[in-house]
Structures are given as structure tokens and as C-alpha cells.
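To keep things clear, I will list the structure first and then write my remarks on it.
Naming follows writing order (A, B, C, D and E), and every chain is counted from residue 1.
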Amino acid sequence: DDTKKADVSKETITVSAAASMQAAMNELKDDYVKAHHLDASQIAINYGGSGTLRQQIEQGAPTSIFISANESNMRLLQDKNLVEKVKPLTANSLVLIVPKGKQAYKISDLGNVNRLAIGTVETVPAGKYAEESLKKLGVWEQVQPKLVYAKDVKAVTAYVAEATADAGFVYKTDAMASKDRVVITDTAPADSHKPIIYPIALVTKNENQLAKDFYAYLTSAEAQQILQKYGFTSVPNAAK
Amino acid sequence: MISFAITVQRPTLLIQAEGVLDTGITTLTGSSGSGKSTIIKSLAGLVRPTTGCIIRNDEVWVDTTKNIFLAPQQRFVGYMPQGNIVFPHMSVYHNITYSKRGDEALLSHIMNRLGLGKYKDIKAGTLSGGEQQRVALGRALYAKPVILLLDEPLSALDWNLREQVRRDLVDIIGEWQIPCLWVTHDKNEADEVGQQRWHCEAGQLYTE
Amino acid sequence: MISFAITVQRPTLLIQAEGVLDTGITTLTGSSGSGKSTIIKSLAGLVRPTTGCIIRNDEVWVDTTKNIFLAPQQRFVGYMPQGNIVFPHMSVYHNITYSKRGDEALLSHIMNRLGLGKYKDIKAGTLSGGEQQRVALGRALYAKPVILLLDEPLSALDWNLREQVRRDLVDIIGEWQIPCLWVTHDKNEADEVGQQRWHCEAGQLYTE
Amino acid sequence: MSPLWLSLEVALLALVHIIVVGLLLNYILKRYDVKGKALIDSVLTLPLVLPPVVVGFALLVIFSPGGAFGAWLQSIGIQVVFSKMGAVLASSIIGFPLFYQTVRAALSSIDPAVEDVARTLGASELRIFFTISIPLAWKGIVTGAILAFSRALGEFGATILIAGNIPGLTRTMPLAIYSLVEVGDYSGAFTIVVYICALTLGLLWSVHLITKGGLFGQRR
Amino acid sequence: MSPLWLSLEVALLALVHIIVVGLLLNYILKRYDVKGKALIDSVLTLPLVLPPVVVGFALLVIFSPGGAFGAWLQSIGIQVVFSKMGAVLASSIIGFPLFYQTVRAALSSIDPAVEDVARTLGASELRIFFTISIPLAWKGIVTGAILAFSRALGEFGATILIAGNIPGLTRTMPLAIYSLVEVGDYSGAFTIVVYICALTLGLLWSVHLITKGGLFGQRR
């Protein structure tokens, strides 16, 4: 056990994590380095859009752990055998937001909005989920002419916050982070869209003991509690 | 008639000049760096005198005590700078007619007498030194000025041409009945054309 | 000794020049735009002759048939351009010593005789016309050239200074035993300094 | 409209605005002894330093119909957000500092003695600016225009926020590249990159021809 | 390191590289009659037109240890991806065209007669470049440096791809703004925007003072 510790104390890793997990990840990392008496610089966390992070790993960037905000980016890496031990880390939910102080539309009265912002369906997972949900709930036909497609979830938040749009669909974690500017008025039923899973994996090429240890910690029950503080929901098979 | 009494402070020298320019030619001689160009530029409105005033007939061009400074555009002088500064990107024709104050007849007179006809459509920037000097002179004349300010107008011309252009200049100034301040390094030239002869030394103007 | 036979095609004019420059002063006169500056620039290496050759002693500077063209850097001429082009951003001292070929003694001689001492540390760009002309002359002399090429070297100087600088120039050229091509518009100057007298008209060089 | 033509149209419109405003501002700041020149200068250079998203966000705040100004614009029938006009606005603001600064440097390098002679000839400051200063500074002006146009052509961050990424309406080439990469169509994205490269090459090449090499080499 | 100091360090290092390479290239292209000047010119201007992400992606492909060159670099101990060096590289390449083009325009506006006189005095072309051409073109050079530095300071798209967004290591100010907005900390993002604005203002103001206004106004 002593020799293993000595090993880890010299190792460094880079974790690539979806930017939306930033606040939670910072706390997780701080807790971990404190508990294991590591130097903070031994775990570098690279935050970005899941697509950007995936491209970096594809090109051989020295990432050891990857946490994606969607399953599609993870699957692309899996297909190329670049990652292993893929499993769901946590989950998010889809909520409806409106500008603070403006009319509080529910999903059922979305027929009355002038502009509804969602992520671009083909490129932004949150947009895809919103489409699914709206179709399932039978309001898609009504709202389609009023849709405004945004580059990403942050742009949806910005459009709603500036009242460029009357309402928009974003992840619960985003809405909570911007709660002084937007109001959550409704939540898309969990069964109205595919589950919003954040998968985690080890990057095969850059595995080391520290990576394995930190991976184990992130997928532990202890870590799940911290994630829930930031609005994430636990996934059934996360903490096994 | 233009009367002036000005001082201009230069890093190397204090220039002090007082005088009256009447109709006709006043030549200005003096050693290199004595302040001739500075005086000419002050009259043209391109240098702000440190103190003093310049008055044409009843019009005040400069009065530093009252903070009056008439822009060069409002003075209607005909200024020919030392060093023959032409508009290098324009044809000779466009250089000369830049002021728009002259007319067809004056233009053809200028072109003829300065021997510039064949360069009419050539860019002034590619001309030889003497050619450029003639363009600069023609340009000042075409402006039909109330006063001519010539800073070594003939220094780059060979003696035949110089003789001829000098005669033409004297004629035109006589005909237009305007004052002309004419800086020259050539003692003979000063003697021949000057109805009034001024001299400048170490920043001090002597009007005899 | 420099011998040359060149032609230069200009949009307005074909310039043809043939001659031999021996030790001592050769003056070059001619009307404005006749090709004087072009000949000087060809010798300095700043204009490429259309055809012809230039040979100094046994060194070939230009031979268009063999595509030989010696860069101006390799010719060691002392060139003084028409229009007194100084390096405006440098002090008078740095202008004059730019070539690095002269020495302390030559520098102080030049500074004294050209009356530039008090401007030593002033930026050349702010000097008066005549002051700049003296800087350009001093700079060419400090290069200790194998030939002096002077394009109207004294045109911006008043007659006292002109007389004195002219004498100094004649002395130096005699002392250094080098050839000098001296363009001037002043007939008297040409008569007084020229051991050989050339004339240029409509692009044609006449060497008498 | 295809991303290629849309990009060209947006960048050209932006360039026109940039040139008009850039020359005007340069004229005013050169002509008049405006207090706080350095301040104006800094503010005009800000869009270059700020990440484009920030500029886009600022534009969104200003022009969104949720705000007072945006609401007023909407009431008179002008829609900036999610429109081509938004794309032009974003490109204009992002490209502006390049033209403005380059032109200013070129203008201030002109020998003032030439402009002075023109003054004595009675020419108004405006006429001097257009007949003397601008022609003498043309190399800087062409360079500034190329820089600004190129930047406008490549503008992404501010455009996607204010104009959105609407195919056929506001999806310019950079937005198309982004969209294609997002859906994993790398060869499609690469095709557009090739277009952009070819366009730049063609542009600079034609400037080279028009100026007969004068912009690139010295004439003797 | 805080985003502010990191940004300054990265932008300054980028500027040093840009100036050295930019002056060198300008010298070579001015001095020698290189075939295909227009082509070289276009290629050097491409990083301005291409969306930064494309430039970042190209850098990632070239320098990532997954490729041959990147692997070789790693074997000799140089890591570009996820390092400060990557950020400097991205900023240098994105900022380069601005310096290069502005300086070229300024250099080609110099009266060649002045350089010619220096030639007759035996000065090498290199000495002429540094003692005559550059001092006479200084307004263009300072302007080019300001433009390139500002652009480097605001670089985002290429940097996040090649250098990553690692707090303390590669998180420059633009990346910090992005990250803060991601977590909904708008006031934090706004604070950094204010920093950038203050920095730009300070920069241009000090240039204004150093050049005694010479860059901004005409002296008489």
C-alpha cells in the first residue's frame, strides 16, 4: 500500500469534463486532493463543450478521464476504442424557463408564446430532448413556428434572460446556475424524453493509478451527494 | 498691403520679423537657417506665430492677443514651398488646377510659359526636380492670389529657363498689382527683381 | 577613372550618355528634365540602365549584355541627391556618420566647414532647406568615396556660404584625387569649378 | 441562400459600413482636436480584444426586443436579432477596429507639408482628406479593408448569438462549419474550409493584380 | 496563475513571437524577389479569415501526441496540447496576420529615395531595414503590434481547443469568461470583461503617452 501511494504522489492527470459540471467538479476535486494529501496541480481539469473535449481526445490529447454531457460523444470514442469503463455518472433533467418577472408559461400553454428558444435539434442534445418531449406532450405542432434555435444551452439561457425569447428549454443545472435571471416554471416529465445521461470513462492511452483512483471516487456514493447539491440527479446504476 | 509684426520661437532660434508688404516684389535674402521660410509660412497660415499680428488691408489674419488666427484656406495666398512639394499622385494638370480659382486662359498661359504642356497628363511624382518646381509655381499662380509667397521659386531651373520664368513672374505680378515676398539665394536675382529688399540674419528681419 | 556608355528609357524621353570621368571636377549643366539626375543615379547604381556599361578602372559596374549590375553598396560612391534627402528621424551627427567610412578628423572638418556644429544633436527632419542640404553634402563626403556624384549640391545655400562651401569642395576633391560629377544650374559655378564641362539636352549628353 | 453567398453578402455589407464609418471617424479625429482621443480610440478597439461572444452578448442586450431600444426598433419594423442585419452588425463591429487603426496609422504617416500646400490653395479640409490624404494613404486603406473584410468573413462568436444559426437566413460559412462539425460531417466542414481558403487566396490575388503588385513589392 | 496574469503573459509571449517572425518575413519579402509573394501573403492571412476553431483544430491535429509530429515533440519533452505553450501558439498564429499586414503597408509607403541614399553609403540591406525602414514606419509597426496584442488577448476559439481550459494553467481571460457564463456566474464574467476593457484602455493610453500623442494626432 505504501509503494502505491508513493506512486500516485508523483502522478498527474488531466480530466476533461463538460463545462456544465464545473462547479460540481471543482468541489469534487478539492475534496479529493484534500482527503488524499495530493497537490492541487496533480489533477488538472479541462472544461469545455463535450464535442470539443471529444475532438481533443480523438487527436490524442493527454486526457485521462472524460466526462461527457451526452452519450453520443462518448459513443464516438467508444467506437474507436479510445475509452474504457464507460458508465453513467449522473443525470440531468429538462426544465422550462422564462425571463424573471415576465409571464410564467407552463408547457401546456406554450401555444401562446411569441418565441420559444431551444438548442439546435441536430447539434445540441438539449434541443433534441426538447423536441422529443414537446412531440410526446402533443404541443410540437403548435410551437414549431415560434421556435428559435440556439447554438447551445447557454445561448438559450441568454435569449430567455434578455427576453429575446419568452421561454426556453434548458437543463435544470443551467437554470439553477442562472436563477437570479430566469425562473423555472415547469419540468419536462422524465418519461417524455430519453434519459439525460452524463457518462464517464477512462481514456485507455493515458490511464495511470491516479486516474483509476479518481475515477473510483467520482463514481462513488459520496460523490453522488455532491453532484445532487448542484441539481444533478442520480442514475440507478451510478454508485455500484 | 500686408503689415505684420510677429515672433516665432524655434528650438534653435527666436525669429522676430516686422514689416509691410506693398504691391510689387519684395525680395528676402539671408543665410541658411536664418528664418526666411518660417516668415513665409507664418504669412501663409502654416505656422502659428508665438506672438504678434498680421493684417491685410483691414482684415486681421493673426492677432495672438485676441487669439485670432485666420485659416490658410481663408487667406487666398499663392504659396510656393521650398523643396517643390507637388501632389505626387496627381497629374500635372490636376496639380495646377487644384485651387479651382483660375480659368482656362490662365491655365494655358501658365502651361505655355512654364513649358509644362507636354507633361500635362503625367503624374507629378515622377517628374524631374526642375519640372516639379515649375508645377509648384504654376499651381500657386493658378490660385489668383492676393499675395504671392515664393520660397526660392527658381532654384532648380537652369539659367535660360530661370531668366525667362523670372521675367514672366515680374510681368504677372505687375499686371495683377499684388504684393509678392520672394525668397532667393541669388544676389543678382534679388537685385534685378526686388523693388523692396529685405534681409534676414539669425532670426532678425531687416527691412532697410 | 570611370567610363560609361548607357541608355535609359523614360516614358517621356530616351536618355543616351557616353563619357569618361577623370580625376577632378566635371560639371554637368542642361535644361530641366534633360536627364542629368538620371545619369547621376545610373552611376550611383540607383537606376538600371536599359542598355550599356559602366566601368571603373578595371572593375565592371554595369554591363547589360552580360547582365552585370554592381549593387550601390559595392560602388563606394559619394552621392548627394537632388532635393536634399536626409534621414529625417536621425540626428545630424548620425546622418553624417551613417557610412562609417570616415573618421573623427574628417567628421570635425566637415562639421566645421559646413557650419553644422550647433545642429549636431538635432533631428535632421526639422532643419531648414539649406541646413538639410549641408547635411546631405557632409554625409556624402564622410563616406570617403571613390567618386563624388553631386546633384545640385549648393542650390539651397545663400551666396556667402555657397562661395565658401564651393571652395572647400574644390579643395577636398583636389586633395583626395577623385573624379566628381557636379550638376549645377549656375553658369558661373560651372565655369569656375569645372575642369571638364558637360552639357545635357533632351536626353543627349554632350561632352564637348 | 448558400453559406458561401450569404457570407460574401454579409462581409461585403459589413465592409461598406466599416469603410464609411471608419473614414468618417478618422476624418473627424484627425480634423478636430477632440478631447479624449485616446479614450475614443480605446473604445473603438475594444471589439478586437473582447471575445466575440462578449460582443455578441452586448449586442443581444442592446438589440433584443426585450429591451427598450430593441422594442422600439421592433415597433418601427426593424428586427436585428435572428436576421441578416444582425449578422452584418456583428461582422461590422468585430471588423471595424482593424480598418480604423490601420487607416489611422497610414494617414498619420503622410507628410503634413503636402496637406499644408493644399490648405493655402483654399481647399476645404474635407476636400483635402479625399483628394490628398486618402490617395496618399491608399496602401494602408486597402490593407485595412482586406483585414476587416477577412475578419468579417470569419466572424463566428458574435454572429451566432445575435443572428442565430438559421440555415439560408443567417448561416454563414463559419456557422456552417460549426454546424457540420457538430453533427460529425467532417468532410462537409472541410469543403467549406477549402472554399474559405480559395476565397481568401482569390481575394488577395486580385488585389495583387489590381494594384499591379504595388501593394506587395516596391516599384522602381 | 490568475486569468488576468496568464492572459497578459500569453499575449506578451505571442507578441514577441509575432514581432520577430513578422519583421523577419517582411524583411525577406521586401528584400528578395520571392516568387509567389501573393501566395505566401494569402497563406499568412488565412488565420484571420478562418474561424478560430478551424485554426485550433488544425493545430490540434498537428501538435497532438496522437500524430507523428506531436509524438516526436513529446519524445523530446515538449508538450503543446493542454499547456501554456499551446495558448501562446494559438494566439501567435491568430494575431500574426494583423501585425504582418499592417507593417507591410507601412514599410511600402516609405519613400524609396531615402533607402536608396543609404544604399550608396554602403549600408547592408539589413542595416537599412533596421535603421531607416523600421524607424520611418514606426507608426504602422506600433499599430500592428497593438492590433496583434489585442487580438491575442481576446483569443478564445483556437486556444480552448489546443491549450484546453484548465484553471490556473491555460485559463486565460476569454476562457474564464466562457467558464463563468457556463456556470451562470454572470457578475464574475462581467468583472473580467471590465478587466479586459480597463487593460485595453490602459494599454492604448500608455502608448498615447509614450508616443506623446504622435500616434494619435499630428504635430505641428
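Here, a contact is a pair of C-beta atoms (placed from the backbone, for glycine too) under 8 Å apart; a residue touches a chain by one contact, two chains touch by 3 or more.
Composition by chain, UniProt nomenclature: B, C = ATP-binding cassette domain-containing protein; D, E = Molybdenum transport system permease.
Note that the structure is a prediction, hence the values are computed from the model and not measured.
Chains making contact with chain D as well as with chain E: A. Path length between chain A and chain B in the touching-chain graph (shortest route): 2.
Ranking all chains by how far their C-alpha centres lie from the centre of chain E, first place goes to B.
Centre-to-centre spacing of chain A and chain E amounts to 35 Å, using the average Cα coordinate of each chain.
Here the spacing of chain B and chain C, counted between their Cα centres, is 29 Å. Distance between chain C and chain D, defined via averaged C-alpha coordinates, is recorded as 48 Å.
Multi-chain contact residues of chain D (touching two or more other chains) are listed as 178, 181, 220. The multi-chain contact residues of chain A, meaning those touching 2 or more other chains, do not exist; every residue touches at most one other chain. Counting only residues that touch two or more partner chains, chain B has 83. Inter-chain contacts occur between A-D, A-E, B-C, B-D, C-E, D-E.
For chain E in complex with chain A, the touching residues are 57, 60-61, 64-67, 70-71, 79, 81-82, 160-161, 164-170, 178-179, 181-186. By the touch rule above, chain A contacts chain D in their complex via residues 51, 76, 99, 120, 122-124, 148-151, 155, 158-159, 162-164.
Note for the complex: chain B touches chain C at residues 11-12, 29-33, 36-37, 82-84, 115, 118-119, 122, 126-131, 133-134, 151-152, 155-162, 185-187.
Touching chain B in their complex are the following residues of chain D: 111, 113-114, 116-124, 131-132, 135-136. Looking at the complex, you find that chain D touches chain E at residues 29-30, 33, 37-39, 41-42, 45-46, 48-54, 97-98, 101-102, 104-106, 108-109, 112, 137, 139-140, 142-144, 146-147, 150-151, 153-154, 156-157, 174, 177-178, 181, 193, 196-197, 199-201, 203-205, 208, 213-218, 220.
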